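Here chain A shows up in two complexes: once beside chain B, once beside chain C.
Right, the complex of A and B next:
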């Protein structure tokens, strides 16, 4: 087993880079509405950055759903962890 | 007062400089620090200063996310237009173009090109062009980029169509595109950039696709082949098909991004796509690179020629590395044939540096391919400035290729206008390392392009020689002329006859002889013949002068004296006159006789014999006669030509 990654910390750093805000602190209950600048365009930048940094690929259906109303940072992190384990 | 501590600004600037002088691989771990420094600069010096630094870091070797970070610092929408004109560019997509537009903006800023960009909603390119009063119409573009692709083809032939039917479909399809181009051209006088179509690798017919004209990918290839035939000159074709092939199908055709976001290609292919389009924009605006300055040791061949000699360098057939260097030279040669000017910028002894070109028959590049050859022990920044001067090109027209990372760093730092691609350790990667930057895009090719290298070569050599040669005599000496003197023989009789029959200006008597007559002259004991072949620093001029003499008692009479005008004012006549005096002594003749018969074309030589020390010896109508007594007073005339080979 490879050592467990601190997905939350890595993701937080990606958020800070993509949204150009070094003060972002991720909480599980945060949604797109809670992050300034998280719109449909920066969402794609976020996906691209996460895929590259984590070495994973989102499925087509997951790509937009991540930003959907029933989703939050908690579910985002769990999805990444699932993919890392599967990979 | 002296201070050893740098100010915060100096410290920041040093960090930025030291980042920018590195290769991409060495920059990567320092990228975050670079971005942090830009933020500091932005706060203290303003967005404009930070933007200028950020623009210098834009590179097609960066990944998507890094480029997007740089983009925050780079001014957009022609905000930095104080310095020059602003290009009005419209991007009309089949697929979405948001990311592509952002990256095009960024690469344009990296090139220092100010642009105002109009971006259409995706899929509306036809309406935007064809509808008067559209957003595009109000914008009034100078350049329209049709960022379309295979999915924007509207007419696909039915699966059982034959070649004739497929051709009709293709013609109808392209007629639609032609209408778009013509409208854009007539309405806004716009130049267009038109993508071709990118067939996907998944083919319903498999390999049989090649045989079936209605197979989708076969049909797309047909369209691609027809595009350059139907596209007028104001339509610049952008080879999207090749971009997809370069990226690899799996990377390019990442269908998730199309299905979900209608993006044109996989995310990591977007920077390459944008950079490729910008390289065409650069070409349209006349800002492609014009010259390639090359290091020698370990760049054009393996090893150090000063140490191992021209025979010891790794080059050519026989070793893999040698072949890699050969391929790289071939690439440079092909660029030069296309009109890119080549220069050498090497730390070397100038004589030794030239030896491989002079002594190795297998060199692909010859000295005549190289318009400015600078080999010395000065620093390369100064030498590149000298090369730019000599070629009369701006530093920003030059690409400098050197295997030594220290030289690359020095040049990036001290002459940042010069483009300096990273070079891998392995020479097999050299071509790709240069080509990936698309420095030398062009939108046309003419005869002048193929002759350009020659022109720059000659002009530069003249400048080089003129610079070091304050007066004509010294100039002629610097040419290091060597003359081969021979009688007419089997090897040169045809060229001699040709010259005798076509020379009009430098021709004293304009007497024409057939090949058979010349052969008779050569075989006759009554006649003497001399031919003169000149070579010099600039090249081999070949056989450039012929003199025919006839024995007349105690004299040698010059029947014919012709010379090519290419070698006027080089001292060739003086050299030849001395040769004739020597010939008289060999033939026991005491006089040289000359005749000038004027024609409409040979006034050039009316004073020929007077200049060579002959005395007037009468005239017959317009004809004048001349005589030179070959005695102790007939001293040799001065010239700067060395005899090449002893007369047999």
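Right, the complex of A and C next:
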């Protein structure tokens, strides 16, 4: 059985690299408004980095949904975990 | 049927009463379909247009079926390309019509074909096509597809609702009707929209046309009126339309996406487009920018930053030229694309020069925010001047304003004191309002919330609005004026 991945820790590291901010600490209720510089361009940079690091693919509708006002880090992590489980 | 008319108000009222009296989901769906058909019928001018309308709907539905059955990217690309070419040709983009050697009999410029809402139908179709290919689309059939495409509150000028959202409300039609408070708020929104379109927008348009006397070199005051009046008209006309259809949709159980979020407080061009015609901007962001930038940044990670500038320019240029085919719209697209790319590049430079902490201080400075808002406001007004007129006329207006402003100090003595004094007073008040816009916005929001929680106050507001709108329609009737059109229905 493969070891469980700590998605939150991996994602936090990716956030720190993409936003060039080593002080970022992810919380479930954080949204794009809480991370300075999280615009449409960095959103794609972030998703490309997540795809590369975790070996998953995001569809256009998923990328768009993650930018929605009702989305936060918690829903981002849940989407990644669902994709990882689906293989 | 014009949305800002007494006829639409009665049409909406009748639809809501019949809808809520009908028991069960299926019957309500049929009523909504009939309502959309009744709304659409007078907007299709002739048999040839009906045939093309049917051909577009059947053709796009068949393409969706093929993608669902085969799921191949090549089919998606071919279908999207064909539909776009058809759109460009039908919208009379002259360049394309001259390049493609269609026989005269097939040249649609020679036939009176008018497809209402074609742009919005194509936006919805491409979104469904891509999402179906990527396995993200909820189940669809011909019935749900037709109702999604033709629903009367989105067909003429949006907002661009996503299919999965539409289907959720479509399947929830047997839920209880909204409570009294919500119904009052939705009717208030419809009437607010009518006042915006019928009074405020119409007045701003009149000011613009009286100042924009073609073949005459404008004075400074005329040039400034042209510069500011047209964006005011555009905002009230389109946001008023949006209020009307969002209210109408809400009364039938559909929550539609918002299209405006205080656009005049944007601090750069990208921010502006995130607040203006939001459903279109988000569509372009998702299906033009995100798709192309992801491809470019994956293939060429070293040059991702430069690709982002180029593709932002392209995305906003597309948003601009979608509005029309003349040189003015092309210039409008170029200015918006340029504004977006420069905004992004400026942000990158600031980040590199200032570093994270000083950038944070810079971005949160009230002075920087005020300057950014004022600059963006004027940049947007200038770009919309090209939208309103053609390139030559817009340049003439800007040139006249620029040269008069340059020599203003030396010619000030020849002006009477009232004009400049009033202009300075209005400018100072606007700047003060912008400076404290957060406080002002918060006070207004709290006041609206306070009223919104009291049905008695809401009823009073609605009664006042009814009297005002009745007066507005009476004046239109007395002076035999047509209901004001919604400009975005032409796009």
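Descriptive notes on the structure:
Basically, the second predicted complex is superposed on the first by the 86 of 87 C-alpha atoms of A that agree within 3 Å, B and C clash if a C-alpha of one lies under 4 Å from a C-alpha of the other, contacts with A are read in each partner's own complex, and residues count from 1 in each chain.
The definition used in the following text is that contacts are C-beta pairs under 8 Å (C-beta built on N, C-alpha and C of every residue); 3 or more make two chains touch, one makes a residue touch a chain.
Owing to the predicted nature of the structure, the values given are computational and were not obtained by experimental measurement.
By the touch criterion stated above, A:63 is placed in contact with chain B and with chain C alike.
In the overlay built on the shared chain, the residue A:48 is in contact with chain B and with chain C. In the overlay built on the shared chain, the residue A:18 is in contact with chain B alone; chain C does not reach it. Of the two partner chains placed by superposition, only chain C is touched by A:39; chain B is not. The interface of chain A with chain B overlaps its interface with chain C at residues 20, 41, 44-45, 47-48, 59-60, 63-64. Remark: chain A residues 20-21, 36-37, 39-41, 43-45, 47-48, 59-64, 67 touch chain C in the complex.
Residues 130-131, 134-137, 162, 164, 270, 282, 285-287, 289-291, 293-294, 297-298, 304, 308, 312, 344, 347, 351, 356, 359-360, 363 of chain C are the ones touching chain A in the complex. By the touch criterion stated above, chain B contacts chain A in their complex at residues 63-65, 68-69, 72, 98-99, 255-257, 259-261, 263, 267-268. Looking at the complex, you find that chain A touches chain B at residues 17-18, 20, 41, 44-45, 47-49, 51-52, 57-60, 63-64.
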